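These are the structures, in structure tokens.
One chain, chain A, appears in both complexes that follow, with chain B as partner in the first and chain C in the second.
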Partner chain A sequence: MADWMENLKNKIVETQVWKSIFRHGYPDTDTNRALVMFSNVLLHLHPVKVRKSALRIRYTWCLGGLTFFMFILLTITGVFLMFYYVPDTRSAYQNIKDLQYAIYFGNLMRDLHRWGAHAMVFLVWLHMTRVFLTSSYKPPREFNWVVGVLLLVLTLLLSWTGYLLPWDQLALWAVTVGSKMAEASPLIGYSGPFGREMGMRVDNDIRFMLLGGTVVGQSTLLRFYVLHCVGLPLLATVFLAVHFWRIRKDGFSGPL
Partner chain B sequence: MAIEIKHEIFPKDPKKSYGLVELVKGTSPITEKEPETTVFSWPNLLFIELIAILLSTAILIVLTMISGAPLEEMASPDTTPNPMKAPWYFLGLQELLVFFDPWLAGVVLPSFIIVGMILLPYIDVNPKGVGQYNYSDRKFAIWTFSFGLALWYIMIVVGVYFRGLDWQWYWPWDNWELHKPPSGVSLIDYSVILTSWGISKSAAQLIAYATVLGYFVVGMTIPFIFFRNFFKSLGFARYNITMMLFLLMMGVPIKIILRLVFNIKYLLVTPFFKI
Partner chain C sequence: MSSEDKNKPNKSSEMSRRKFFNLIGWGGLLASVGGSAVGTYKFMFPTVLYEPPTVFKIGKAADFGMGVDERLKKERQIWVVKNDRGLYVLIAICRHLGCTPNWFPDQQRFRCPCHGSIYDIYGNVRGGPAPRTLWRAAVSIDAADNQISVNFLNRQDPDPESTAEGLTVEEPPRETAPYFVKSA
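Up next is the complex of A and B:
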């Protein structure tokens, strides 16, 4: 590096502003490699040191981390889409058309959101298969597997609620199929076993609660939008935090 | 009630720059390991993560160029698409609708899948295999899990690639625009088959109940008698939960085969539900 660049760099890293943000130098010494994990909020989920065996790609295939990355990617692309999308049955479909044909990078963001969603569902399944095959759910990690199953359910619910938002034929009828199943729930669905005996009607059962009406309409779109963009992601974030925390507390399961 | 501290052994002193460390008894996954088996997360782990993130993003961008997100005509309650398909990850459940009533296919069976998965670490008492791809020490667990997983994937593949108009079976080389004639096969209830053999209606109904109940009773009893070690290793409660989930899972392909081979519509018809 040229001398003037070296000098400039030293000048910058010695300023009060720089020091107030970064408490240590570039992590090329053992001390700094430890400090970077302690002092960086984004990195502190990692341990300072990991076992070599935990780094073997052919053990984890990076599946859990990639699932989390899909969640982040979906959040970023989702926020972009939210700028142009109004959950109104009269305009939602046109908003998607605009995203596809009129808005810069709108199509890329929508396609990435769609593929990311597919990938996330698939990666969750693969991750769970890997965890099963390596017995990583056995003591002391039982509860983290339970949290993982709940995250799988949340992933599927996120995908399903997102399916309705484009308000095209695919969306409407896919959600209609799903809500028909809810209507058949035992006890809490009016066409399910013991549903009528429990006093369930078409306008007070679980399907009605889900759709906000007797058919998929404006209330459904709003409900699914709020759940998809706020409710379920918040819930997923809480469970993700617990999931990662437990990995740190229980230790990584890798080969000893 | 606040605890009153009589005296502090180490009073707080703002001038001291050191902290106190206490030793407590406990377990740690990293104890009794040589420090040589560990490496710093930066850069070893973080670089793997960075490469994985970059690669997966690149793959996703390539995928968006190959195929974009679909957008059909605007939603209209007046025109029903045929076939009416759920998202692909739910098509396994939708495929089950061919063989089971909606309350079973859409609600009860998926609930059992989720509950069964949550219970999994508590009913699998075999301590072997942690941290390794181990088949020989846990054959039953791996076979059962793989069977369920295969069932799930097969149903999805059938739902996505082999179901066309009117949810009929279409081969990839069939004309998917053409309606297939309804299959001439008429489905019959199990009890109706029994009555056609000269058994009275009430007796047939009784046999239907006994068959479904018998499946579970016999299924629960066989391992209890012939695989005593399996029963002993699990204990009474775990054994019952495990076998119940196992028999429910096996019941799904059994019912599918009964439908496909013997054209049986329902095994059991009660005033409240049909199986």
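Up next is the complex of A and C:
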């Protein structure tokens, strides 16, 4: 009986299909363990060797990993939401209502997306606090801290662009306020320092570019939708890759 | 030409073939990258806007009574204010963070519900976090039909002075064309 199973297993493992997918043997030797990491796109993000102390949950709390998990969760639930949501000022609010009350599991998807977004912002913040408190931003990891700050900004921008999409009062005024802040930027904003001197008008400054108009309207909704669903996630993915690549090169930090 | 001439190195003032192609190559690359950067930048600024008109007519001066008129606030985001000298138009955008304040006739004050900015009937700041006075929109009287034409994008924004009463701008210099229509 055991022989028969062993034979079958060997037959399967030796087929070309199996070998084309799994390019390593059972990870019970150093070579195979390294190959598991090298040949798997997800595991490849991890360094080949991780110090035991760095895996102590009470040292990192896996906050970066949880943040990445939220990013994946938001990508998946976001795609689900895109099946029903249309970035049109006349229908956006109703689409959200439909998602909440009419579509099977719609409310779950929307809530996962919303709470996931809140959680991601919170986790990024905790992650950075942990990195700061354990001095993990110090050389050779200082470049990764900078990438991390960019990822923080991207996280906040993703949250902000998602804010407008329900097209309710909260969304409208949040974006009014946010874009007003952009308008107060130095040099590139209409009411910011030296903005007027640089030739900024209500209809050509940074706020105008962000809103696609002088007031929060249809073009704003479309712009924020595209930024939220395609532009910023794409940019975040690039920086995430760099972030993980740096971790791979420098190794996880750990207690001395 | 003798063979000696041929083998002579190029004079420093002349450009070698290699240098020339280098220049063309890198120049072309830079030009195309720069060109597409300019193109991308310009792409992000719409040339046609599908939003409410920014220059519009609001009727004749006689249609408005003394004081603040709130009729056009929702549709055009403006208040029309008339005093005994003439008429001006305030833009109903709080200078703090862009929300819409309300007019309280009993207090003679505009108050923003969000963070408590307070303005008087001239648009001067009388309290709250507002960093500037309310904008005034450019107004003019159309000779053809005597209607008042408002330009929502042309905004008067004088530097306010910090006084005991708040951030204020003196009225006489502010009541000038095209931001003010003399009593008509």
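Going forward, the second predicted complex is superposed on the first by the 219 of 256 C-alpha atoms of A that agree within 3 Å, B and C clash if a C-alpha of one lies under 4 Å from a C-alpha of the other, contacts with A are read in each partner's own complex, and residues count from 1 in each chain.
FYI, contacts are C-beta pairs under 8 Å (C-beta built on N, C-alpha and C of every residue); 3 or more make two chains touch, one makes a residue touch a chain.
Computed from a predicted structure; not experimentally measured.
Once the two complexes are laid over each other on the shared chain, residue contacts for A:T89 go to chain B alone; chain C is not touched. Once the two complexes are laid over each other on the shared chain, residue contacts for A:V202 go to chain C alone; chain B is not touched. By the touch criterion defined above, A:N7 reaches neither chain B nor chain C. Of the two partner chains placed by superposition, chain B and chain C are both touched by A:V215. Judged by the touch definition given at the top, the superposed model places A:V177 against both chain B and chain C.
In the superposition on chain A, contact of A:R114 is made with chain B only, not with chain C. Residues common to the contacts of chain A with chain B and with chain C across the two structures: 173, 176-177, 180-181, 183, 191, 215.
The part of chain C that touches chain A in the complex is made up of residues 44-46, 49-52, 54, 77, 95, 97-99, 114, 132, 152-153, 155, 157. Residue ranges of chain A in contact with chain B, taken from their complex: 27, 30, 33-34, 36-37, 43, 46-55, 57, 62, 65-66, 69-70, 73, 89, 93, 96-97, 100, 107-108, 110-116, 118-119, 121, 128-129, 132-139, 141-142, 145-146, 149, 152-153, 156, 159-160, 163, 166-174, 176-178, 180-186, 189, 191-194, 197, 215-216, 250-256. Per the touch definition, chain B reaches chain A in the complex via residues 28-30, 33, 37-46, 48-49, 52-53, 56-57, 60-61, 63-64, 68-77, 79-81, 84-90, 93-94, 101-103, 105-108, 114, 117-118, 120-122, 124, 126-134, 138, 142, 145, 149, 272-273.
For chain A in complex with chain C, the residues that touch the partner chain are 173, 176-177, 179-181, 183, 191, 196, 201-204, 208-209, 212-215, 217-219.
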